[in-house]
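Sending over a structure as structure tokens; questions will come in a sec.
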Amino acid sequence: MKLITAIIRPFKLEEVREALTQAGVSGLTVTEVKGYGRQKGHTELYRGAEYVVDLLPKIKIEAVVPDELLERALDAVIAGARTDKIGDGKIFVSAIEQALRIRTGEAGKDAL
Amino acid sequence: MKLITAIIRPFKLEEVREALTQAGVSGLTVTEVKGYGRQKGHTELYRGAEYVVDLLPKIKIEAVVPDELLERALDAVIAGARTDKIGDGKIFVSAIEQALRIRTGEAGKDAL
Amino acid sequence: MKLITAIIRPFKLEEVREALTQAGVSGLTVTEVKGYGRQKGHTELYRGAEYVVDLLPKIKIEAVVPDELLERALDAVIAGARTDKIGDGKIFVSAIEQALRIRTGEAGKDAL
Amino acid sequence: MTILNDRKRYLPALAALGCGALALLLAQHGFAQEAAQAAAAAPAAAPPPPVPNKGDVAWMLTSTALVLLMSVPALALFYGGLVRTKNMLSVLMQVFVVFSLISVLWCVYGYSVAFTEGNAFFGGFSRLFLNGTFNSADGSFSMAGTFSKNTPLYELVFVGFQATFAAITVCLILGSIVERIKFSAVLIFSVIWFTFSYLPVAHMVWFWQGPDAYTDASKVDALNATAGYIWQLGALDFAGGTVVHINAGIAGLVGAFVLGKRVGYGKEAIKPHSLTMTMIGASLLWFGWFGFNAGSALEANGSAALAFINTYLATACAVLSWTFAEWLIKGKPSMLGAASGAVAGLVAITPAAGNVGIPGAFAIGLLAGVICLWGVTGLKKLIKADDSLDVFGVHALGGISGALLTGIFNAPSLGGPGSTQDWVKMTTGYPGMLEQLLIQAKAVGITIVVTAVVAFIAFKIADLIVGLRVTEEEEREGLDISSHGESAYDM
Amino acid sequence: MTILNDRKRYLPALAALGCGALALLLAQHGFAQEAAQAAAAAPAAAPPPPVPNKGDVAWMLTSTALVLLMSVPALALFYGGLVRTKNMLSVLMQVFVVFSLISVLWCVYGYSVAFTEGNAFFGGFSRLFLNGTFNSADGSFSMAGTFSKNTPLYELVFVGFQATFAAITVCLILGSIVERIKFSAVLIFSVIWFTFSYLPVAHMVWFWQGPDAYTDASKVDALNATAGYIWQLGALDFAGGTVVHINAGIAGLVGAFVLGKRVGYGKEAIKPHSLTMTMIGASLLWFGWFGFNAGSALEANGSAALAFINTYLATACAVLSWTFAEWLIKGKPSMLGAASGAVAGLVAITPAAGNVGIPGAFAIGLLAGVICLWGVTGLKKLIKADDSLDVFGVHALGGISGALLTGIFNAPSLGGPGSTQDWVKMTTGYPGMLEQLLIQAKAVGITIVVTAVVAFIAFKIADLIVGLRVTEEEEREGLDISSHGESAYDM
Amino acid sequence: MTILNDRKRYLPALAALGCGALALLLAQHGFAQEAAQAAAAAPAAAPPPPVPNKGDVAWMLTSTALVLLMSVPALALFYGGLVRTKNMLSVLMQVFVVFSLISVLWCVYGYSVAFTEGNAFFGGFSRLFLNGTFNSADGSFSMAGTFSKNTPLYELVFVGFQATFAAITVCLILGSIVERIKFSAVLIFSVIWFTFSYLPVAHMVWFWQGPDAYTDASKVDALNATAGYIWQLGALDFAGGTVVHINAGIAGLVGAFVLGKRVGYGKEAIKPHSLTMTMIGASLLWFGWFGFNAGSALEANGSAALAFINTYLATACAVLSWTFAEWLIKGKPSMLGAASGAVAGLVAITPAAGNVGIPGAFAIGLLAGVICLWGVTGLKKLIKADDSLDVFGVHALGGISGALLTGIFNAPSLGGPGSTQDWVKMTTGYPGMLEQLLIQAKAVGITIVVTAVVAFIAFKIADLIVGLRVTEEEEREGLDISSHGESAYDM
């Protein structure tokens, strides 16, 4: 099993979720994060105090998928998240050794 | 060392934390997340606009444990988080190559 | 490629981010989390109800770096986050099998 | 499941029916009124009624608006800030709708039952739908009495002012039962309790014929006999220690017992989701309470001025005494403590407002802060009910303390104004400390019994009809989503 | 890009210039006034003008402050809570600055154009910069009339009261166009629409010579001829059903059409970010509306009392009818529904406040809740515009319903007071239901046409000068950061 | 550590002792009063005192409630929104408790020291515990003078109105020292500064014998000699430019210097946690300020009307000038700017409210926005103190500008009303622009010196007793948890 971690633009969440469901991914977990990278931030001014904000709001999607679904899932994320402008985000893939469903105790692919 | 990532119901946090502590886990990190899976969401209605909300509030617990503690820790999470209803959540296990304690620079199991 | 996951004190975020940038890390993702560990929490009192709060606010930084940058990046985090008091936090290192840039489809180190 | 759903649907359908019936009634009423006006046209040839002083009208309209503000948004925010995020809207909603519901019922029959002549416990039905307050034939308004002779007020102003009292009282109860009660149960309970506890207690304490009726010593006994039972006893309740706070506080406690504890109570941390909102609520309560207390003088006169400064001073004293006592006992002074102290002071000074002097305000304020702090900590532990937002500890306890202390500090020897003993000659006096204290205690006792019994029955009836509590799953999910289909925040 | 940037910079520069010009004008004005005062000194030898009743002054100052509160913060919060976090400040800012801008323009020329004699559509320029309201030579104040004879009010009080009406009306429109409009476009639109829609409609509906001018039957026709066009028709609008709500509601709808939908509208979930704020806003609107409606009596008299209780009762009724109807139809009663019901009731009772009796308040309130619920659900779907915060569904629809129902429930046979038919003898009457309804419909129609045309042109002009919408990227990022360089929350 | 802890515990214990002492005093007072009343009974045979006009009473009670609202919750929210989440409650708490503390002290001795006869700098002790304001023996109230002859007001109303002024002034200072000061230090500072800066400045500026005392030209000099020092100079301060804003603004600056900067200041981003709250606060300040300024007329008369419209207009002007200036200079107009502009305008118009005409309101408003914008940007950088929420830049600078501009625009040639020159004949005049400007400057100068010195000493004393700052660790954790054991939000 693989863990897909995708950092995307917040307003793309719905599209990516749908694309992943279409691709056969049965579940995922979403976190609000802040991202720092190439994309330029903005300036905020509060009376005399000026701040450059370069941590931008992003959404992190984590989905554990069986190996055979990996490619399709990656394509789905890209299809759903792409706008072709700097800041579209990244996808990271890592290995998951074990997965368990708490409710039933099922393990491995069955747990997803 | 292993990273245990558990997605659980928010109100189970306290029980899981206690169970893990009992099991010998010395530390953990908690994140508020939203989860999508088999559990049915709900409908929200704001004047004329109706939305189906299927991202539900969940809690993600991350704990890095020495290999020998893994089994006990997994049992602890399940014991603390289980309600036997859909949406109880998942546990994922992955490998951690290195752990460091920032304060002392200790590494490996000593850092946990 | 490696994923560096650092749990640090919130007010150290800016220093760590700068240190990492200096070390050559090009991007990172930040999450607000709550941490449980050795550091003592505090007590809150609302009329008659007293609660011991031992989940403390922490910041989680995740940065995927090429292998050759790992050591420098770890040093950078420690340099930026250390106060020598309990609760400074941890760093965990794990393997990343693949990285993709959504905008361009670039893969591997080029995607970072 | 289907039956439950049906029951759910049943209530609004019934309400819709009610609206229809109301519309019909109103149509009839229009014609009925015409007839009434024709009849009234004849005696209209009498000398023109005295005109209200515009300063009084200005002050009473302002006061009424201020008391409305005390419910929406002040009380709603004070309470709402104390619950968890997932139940925020349910609290705001309960307060908003109960306030509206009682206000409408007040105009339909409540005012008539509370403030027209009947027996010593209930009034009559002559003012149903506020019939007769405005004469559309000649554009004239009926007048209500005040506490001074020849100082009338538009009855409609009095109706509005008192409507806000009735409505906020029922809303106060909600604090004991939030985070688990069904919305439909709230409405059913509210209607029953309002009708059979609020209205009779208000009638008993506040109904009398007004000063202008007392033209002659010979009439006094007959007039007194038409007044409310507690008024006849000679109890002092300037702005609602018994009628509002004890009444609501005891009903809340009964509710907490009948409903049982919230899921997770005592095990999970149930923390206020926004003390900022609670502080805004407490502050607006303080602000609005000037209308509540000083408005209860019914005139912009010296009594209003006294009630005003007492309301100000006692509250500030209670903030300090709660804060310092908490600091001493618990080690840290808390914002929630200061805000709670303010409310405690306001509650306790309510029956006393125009009935005590400056020394009374100091004493009542300082004591209220400490007593109610004990109410929400020590006493609360003894009672073992999940009185969620401490309606009993603050409103009942503060109300009782205030009612009794009013009896003491009303004494001219302690700087108090005494009370009017002779409404013909308008002379004041003080029956003696023990005597007055006993009268006050009786008023308190009667109120407690009435409200406890009625509240218990009302909750039981609501339970029978729709059930009192949401399911455990709904409670876990939060009432905002499960009962109202919304979220308070999306940030 | 550079041109755009230049345009951006251009506007504040222009504004700065404006300020300078204003300063110069003021300096001149100082001297001009001196001269005027010298001239005025002679007739000052006439008998001293009647003095305003202090009760009226107290009430009208209070009312004015209440109406200010309705815009900042009430309306701003009601609207702000309904948008997404990223646009919260832009809403607060638009309301805050538009309110200030219109208030200033009101004092510069608005009051003069609306409330001095001119023709039936526009007033004159005799009160530019409020010239002549305070005579610094002898410390005397000019007087405004009320609806009673010999009951003057300081004209400055009337100026202030009416200023808050003008300002809130323009702010109401914003609800239709938030989350995408450029701040500079908002300001340009506001100035144009205020000048060419608000001012003439206010003049047409509310300008007349006041009761004291009507000393003799022979003068009546000549005096009437100087009044506003709609006033001459005999239309009833107690506190602004046409002038405020229909005027703003239609302009909003036009804006929604001209601007187009928000990015993601209909596809993404666009949820209210804080219904808590919306509830606070709605509650404060209710509170402040007592100033709006009961203050429109211009005195602390029976008419104010009637307007007050009607405002209270109709609103409570609308909360109930919206809540129960939604419960019945959608399955769950929502807090946003209850709050929207309150606003619907307030809007609908506005033209009726002092013009109907208690039966009218019941009926208008109950109907308004249901009508506006349909406005924001059924009707909204038909219209297919992104009227973001339902200004049309609540304010236009509620205003139209209220205006028409005022015509009906004004009838003495339905408990209404009728209206003054003869200002010399001060007698009231009622022209008949069909007649009054027709007059009301005409007033509504004229208002709709004027505001629709002016709003369309004003938006087009703003589009030409600075462009109406922010870029899609800015809209995605949120106006708080892109237009104002701030974030509402950092929690 | 133990000692520190002991010190911490020491303060509330002391306070508790204080409460006890107070209780004793009150008991005594009860009896003392009885005696006093017996004595007073004899001269009570004199003709009955004139009765206050109910319109005035209505307006002044309303105004007092409005000024209370300005502190809790308005100022608390305005300030609270600007700090970080972790310090939110500490700000709310400091304002809430300091407001209460000063209000109580006002009734204990403050009112007496400020508003009874003594010397030109301090008053006397005849009104300790408000002794003599209400006579419980005969139910009569003592009267305070206004600015018109034969127009008394219940002294208790004046006491309450002025109490809110004293209390808010001390609260204003808090803005400079939040996010790092110990709660106990706040309280100690407050008591000292209130006693030795607020009370004498209030006495110097506002104490005089009232118009009714000026019955005869021969008495004028003797009467004037009993007035406050700055009053004798002829300084104009309608509602507290010197007494409130300069007084507080300078004290705040001193505090910022003495305390030092917040940890991380200039390095970390210290951003407002909720500009929504700040906007609500600013709006409620505007609303409440009508009570502050127009209430300072002490009557519902023309002067109140003038003060009202000026307060409205100048504020709107300042919103515009700040907004446009910021837009021009910084590229974007901000909500915080608009809100700050409102406060700047309100501060600057405070001394001027009833002392200038419409042209003055325009000018002062437009200027205030620009001046204070510079105060919180350019000037702030020069000063290099961490005046956290810009109390100096807005209140001191705005207050000084307003005080001086009042001297100018008071001129009848610039539309101003001038001032009463002869209290016997009640004639007005204007000493000349340079003269008046000089007088104003003197008043400003004296106030600055008094408050700077007293503030410095008061902070040093607090430092000696309990220490001024929390530990760095506590500051990092946030004062909400470390000082008060609570969190503002749990969402």
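Here are a few things to note about the model shown:
Think of it as A, B, C, D, E and F in the order they're written, each chain with its own count starting at 1.
Rule of thumb we're sticking to: contacts are C-beta pairs under 8 Å (C-beta built on N, C-alpha and C of every residue); 3 or more make two chains touch, one makes a residue touch a chain.
Keep in mind that this is a model prediction, so the values were computed, not measured.
Between chain B and chain F, the least number of touching-chain steps is 2. Of the two chain pairs examined here, B-D and D-F, it is D-F that is joined by more C-beta pairs in contact.
Residue-numbered contact pairs of A-E overlap by over half with those of B-D, the repeat interface among B-D, C-D or B-E. Centroid to centroid, with C-alpha atoms defining each point, chain A and chain D lie 53 Å apart.
Averaged C-alpha coordinates give centres for chain B and chain C that are 18 Å from one another. Looking at chain C, residues 31, 44-46, 94-95 sit in touch with two or more other chains. Shared contact sites, meaning residues of chain D that touch two or more other chains, fall at 53-56, 58-59, 62, 269, 271-272, 274, 280, 330, 332, 334, 336, 485-487, 489, 491. By the definition given earlier, chain contacts exist for A-B, A-C, A-E, A-F, B-C, B-D, B-E, C-D, C-F, D-E, D-F, E-F. In the complex of the two chains, the chain C residues touching chain D come out as 44-49, 51, 53.
Of all the residues in chain F, the ones that touch chain C in their complex are 264, 267-269, 476-477, 481-482, 485-487.
Residues 2, 6-8, 31-38, 55, 58, 60, 74, 77-78, 81-95 of chain A touch chain C in their complex. Within the complex formed with chain E, the residues of chain D that make contact are 8-9, 11-13, 15-16, 19, 22-23, 26, 29-31, 33-34, 53-59, 61-62, 64-65, 68-69, 72-73, 76-77, 80, 88-90, 92-93, 96-97, 99-101, 103-104, 107, 129-130, 133-134, 136-137, 139, 141, 154, 156-157, 159-160, 163, 183, 274, 277, 280, 480, 483-491.
The residues of chain E lying in touch with chain B in their complex are 269-272, 330, 332, 334, 336-337, 340, 376-377, 380-381, 390, 393.
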